[in-house]
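Multiple structures are listed underneath, in structure tokens.
In the two complexes that follow, subunit A is the common piece, with subunit B as its partner first and subunit C second.
Up next is the complex of A and B:
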């Protein structure tokens, strides 16, 4: 259990949010750096990110992260000053450090020590720094503009060098144990600090010091508006009996007062240990080694956007969404009441007034709902941003050259979708790099550039978000798929021969093929594709593939913009209403009982000549009086059949009546009830009643399974 | 005042409801809401005592028939029938009872351990019995009533499907 004494849960949350952002800057920057090793902008971005992480992790009190980011910053500083080159070895080392930082970040998020040790990475970084230093001195470049000495007391140069003032400064002072009047000395320190800037905080407090408490360690936070730290340190050191002074720039002026109070309190408890790694040792060494004091923009990046955005807990947004959903239901109810009243008391002035108000409320509710839905939207960049690194690593591991081109990363989608879309995309990207893109030699032989291209693009299409993963690799060969499918007994030789190329290719999504494909590198596109497709269908989405041999393959994933709201066809059995997701509805037919045939022991209908098995929804859900026997016992009875489909096939669902089409909010049945076969969720209708949502893929599967069972007998 | 309470021992506040001829009590902190009977949407293939789901101000919550759970005969719903909504492991669950009688403040001292034989109700469901003047209130172990048996029932259903 990791603890950050003095830090509130809120402080840690703020830290984590910031750290995520900085880690991402770091990663983006490093990957960029690999491509454009001399872009000073990129180097500056990476440097700033490492620097910001160092500051905030030190404030939080996570020593491992502070130590590692400190060394990274030192190494990057050499790159920044063109004293070190961006070598592949250095890139790998920095990326390893990044991975370690993510582990450390997780330590903080979970409050669990991972046992990860930064010593090894830290030493490798120091080696790099030292070797550069040696070269520099050997080449006689050292001197005034030389490399800051690392090792012994590296911090002084770091901090003094970067101080661009004005800023919040944390000052830690230790008095010698033999000091006869520590409180008087402490008071003198406070007094001098107050003369240099505004004292934001001190531990112990000025009151306690004045009261004469024994003070051997003093922590103070000063809003210091000077432009160098040296005068401040000098002034404090000149106070009698001061044994040691350490100074740390905390952040932009005034911004960290609250957080510092907590930190300061903690440090007062164990100052030497906690302040040491990042403090400025002022004991023996002076800070005159102020190299590059006028260096530019080393502070944490301040974004203009920060003033106009607020971080909101997702749970709060969920509460808002639920409240609005209730409001929508009540609005519908209100409209119903109003029309009933209008029937009863037609010309009444009160009724028309009610009508106006209810219409207005209706409009407001719709707008409110739209606004909240918008607030739940995130750019898909949140999902995409981890892919460049992943693709790079995959390609490197397999000795391939792959360029990932991302388009449409600002396309917005609901948070719930962005949580679900990541895994399928990882799968598709893995396949694209692993099986789609050929090895460089093979590509050259085929007359293509050695470097393959994987395009990841996102865009909106009506109420769907479409994400495509396209590669310019070898493509999928329908004949290889056919052969593999026959070998695995998925299709007969006959059926395979009759199958169109398109149908053959879509066999990559069938479950039997994946294992075969895994062993078979050439057609190896099917790895887990069936699971990808199934998961997407569960979310009312779909996946398709388009390919040409030698030219590559494009996988297209389509998902509803939000998983919470879908369009559905409402049908009824007597008084009971059921919702069928509209994306699975193919068509609706009215069938005479005489149209129902029996094919292979199961009832079927033939809309447009195609044989579609018929399922009676009343039987599926055990609704007495509305099941098959009840419906068929009435002569001349007509039946509505909703033809619904999943990738496995079609099924006709026999229902009493069609109610209409409507947008519904999907709700889960909850863990208490658990999974119910044939039901994918529930929704609340306009009149407040609860309706079941029909799980079409599972019903189709049940028919397919039954057929397979019969055919095997 | 505080001293008196300490002497009298811990206090409990119960929502007391009626089922058949018995009075049952559940801790008031577990009760979210008490609702009149409303339309319940049946859930096919659900465990037997799960009657269905209701819409509780925009939330869909499962409803349990306690009569079924206790093996009592079915009774027609009356104007007194209530759905008591309780917390259970982060979920809300509705429980159908014959009537809600009162909210009662009792001292923990008057609660006795359940006797093994008690009219019609499995003693494993019980936490104890509070003796009030001339009346017994049975303290229900909600977690046991709703959770464990329910889990068993669910796994039975799942086992049947497999």
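Up next is the complex of A and C:
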């Protein structure tokens, strides 16, 4: 269990949010650096990120992160100053450090020590730094030698009280041993003395101080114009970390300067036999400050943040979304009531007033819904940003050269969608690098540039977000897919031969198919595409592929902008209402029972001459009185068939009646009810009734599976 | 109630410093880069500025110089990390009144603040 004394949960939350951001900057910057190793802006960005992480983690009290970021910063500083080159080895080292930082960050997030040790990485960084410094000193770049130790003030001291006017004054200052950056403190003293008079001399010299040499004792001679020493002492003592100050008058102004320089070395060597101190140790001030720090707040803090954004917990947004969703339902109900009333009491003044009001409420609800949806939007960059690194690593591991081009990263999508879209995209990118892009030699043989290109782009299309992963690799060969599918028993030889190229290629989305000669670590065995497709369909999305042999493949993923609300066609079986997601509805036809044929042992209809298997929704859901036999027992009965499709094909769903089209709010069935075949969720209608949402892809699949089973017999 | 402007690009550091100062009865303003700080300074004329050095948009030293140019009386304390000696010296030259090294000890910060604005 990791603990950070003095840190509240809120502190740690803020730290983590920011660390994530900085780690991302670091990653983006490092990848950028690999491409443009001399861009000072990129180097500055990386340096800043490491620097910020160092400061925050040290303050938080996570020593491992502070240590590693400190060394990273030092190494990056050398790059920044052009003293070190960006070599592939250094890049790898820095990226390894980044991975380690992520592990450490997780330690903080989970409050669990991961057991990760930064020593090895830290030492490698120090090696880099040392080797650069060795080279620098060999080349004579390094600064001068050390500073001779300063003992103390000479013994012919003079009391401040006896000071008699403008004179050369020698000031001896000792700093607290533990003080950070004593050289800067020394500089502060010099700075203040210079304000009171002219600095004649100092040991160490101002140059040495500025060079950053550690100074714990400082001797300075000032031509002091004041008429009392107290203000000077006070001013020096006021510098933080000053432990002791002693001052003495050397002689009249100007006379002692040359002599001082001559005696400097001797004084430096003299032991600290000190005259009566004029200054008071600064310890007293420190104590009072500490006491002050323990005092409780005098009043509420007033913080004026400089930004206009507010961080809101996602859970709160979800609550708002749900409330708005309920409003949407009521809006629909209100409109229904209103039209019923208008039918009954048309022309009534009250009815038309109700009409106006309900129209207004309807409009407001729509706007409210849009506003909430917008508040839930995130740029897809949040998802994309982890890909450059991933693609780089994949390509390197497989000895391929791949350039990832990202477009449309500012496209916004609902948070819930952005959580779901990442995994499918990882699969697609892995496939693009693993299977799509060829090895450099192979590409050159094919007359292509050695470096392959993977394009990841996002854009909006109506209420959908479309993400494409396109590679310029070898493309997908429909014949290879056919052969593989036959071998795996996914289709029969006959069926494969009849299949169009397009249909054959879409077999990549069926389970158990892989065309890579061997399963590899990177892209797996090709079970991925099947899962990708299923997961996308669960979200009412879709995936398709477009490919040409030798020219590459483009996978297109389409997802609704929000997962909570979809448009659906409502149909009924007697009193029961079912919702069919509108994006899967191709058309609606009325068929005579006599139009229903049996093809391959399964009922089918032929809208526009195409054979579409027919499923009776009443049979699928076991609704007695509305199933096939009940419907067919009424002679001359017409049946509505909703032609619905998924990528695998089409199915006609026979229903009693069409109710209408409306926006519905998807609610999951919950773990209690669990998965019901053919049902993807439920929704509550305006009048409070519950409607099941039909899972079209699974129904299509059941028909396809059945057909394949039959054809294999 | 004296006002202190805390400038740091790290929200975490701003929050730590802000809390500490608020606890001691100071009114706290925050800015996340030098440019913000400059604008905030002009607008609110805080009694003291705690200024980080390495920041995007405008670094702390530039901001310090700008602020001191606009108000030669401005009291600015630099927040520095280890290893930034040269930059701290540069800021002292540019008129910074003090500096605190991160990770800072609350006592040191308060001592520095009190010294300058009581």
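The working rule: the second predicted complex is superposed on the first by the 487 of 713 C-alpha atoms of A that agree within 3 Å, B and C clash if a C-alpha of one lies under 4 Å from a C-alpha of the other, contacts with A are read in each partner's own complex, and residues count from 1 in each chain.
Here is the rule we go by: contacts are C-beta pairs under 8 Å (C-beta built on N, C-alpha and C of every residue); 3 or more make two chains touch, one makes a residue touch a chain.
On a predicted model such as this, the values are computed, not experimentally measured, just so you know.
Shared-chain residue A:667: touches subunit B; no touch with subunit C.
With both structures placed on the common chain, the touch criterion links A:32 to neither subunit B nor subunit C.
Contacts of A:329 after superposition on the shared chain: subunit B is touched, whereas subunit C is not.
Partner contacting the larger number of subunit A residues, of subunit B and subunit C: C.
Looking at the shared chain after the overlay, A:677 reaches subunit B, while subunit C stays out of its contact range.
Legend: residue contacts after superposition of the two complexes on their common chain; A:423 is shown touching neither subunit B nor subunit C. Of the two partner chains placed by superposition, only subunit C is touched by A:181; subunit B is not. Overlap of the subunit B and subunit C interfaces on subunit A: none, as no residue is touched by both.
Subunit A contributes residues 11, 14-15, 17-18, 45, 47-48, 51-52, 54-56, 58-60, 66, 70, 73-74, 77, 180-181, 183-184, 187-188, 191, 209-210, 212, 238-240, 285-286, 289-290, 292-293, 295-307 to its touches with subunit C in the complex.
Contact residues on subunit A toward subunit B in their complex (touch as defined above): 322-323, 325-326, 329, 576, 620-623, 667-674, 676-679, 682, 684, 688-692.
Looking at the complex, you find that subunit C touches subunit A at residues 1, 9-13, 15-16, 18-25, 27-32, 36, 40, 44, 54-56, 80-83, 85-86, 88-89, 92-93, 98-104, 106-108, 110-112, 114-115. Residue ranges on subunit B touching subunit A, taken from their complex, read 39, 41-47, 50, 52-55, 57-62, 88, 91, 93, 146, 150, 154, 158, 161.
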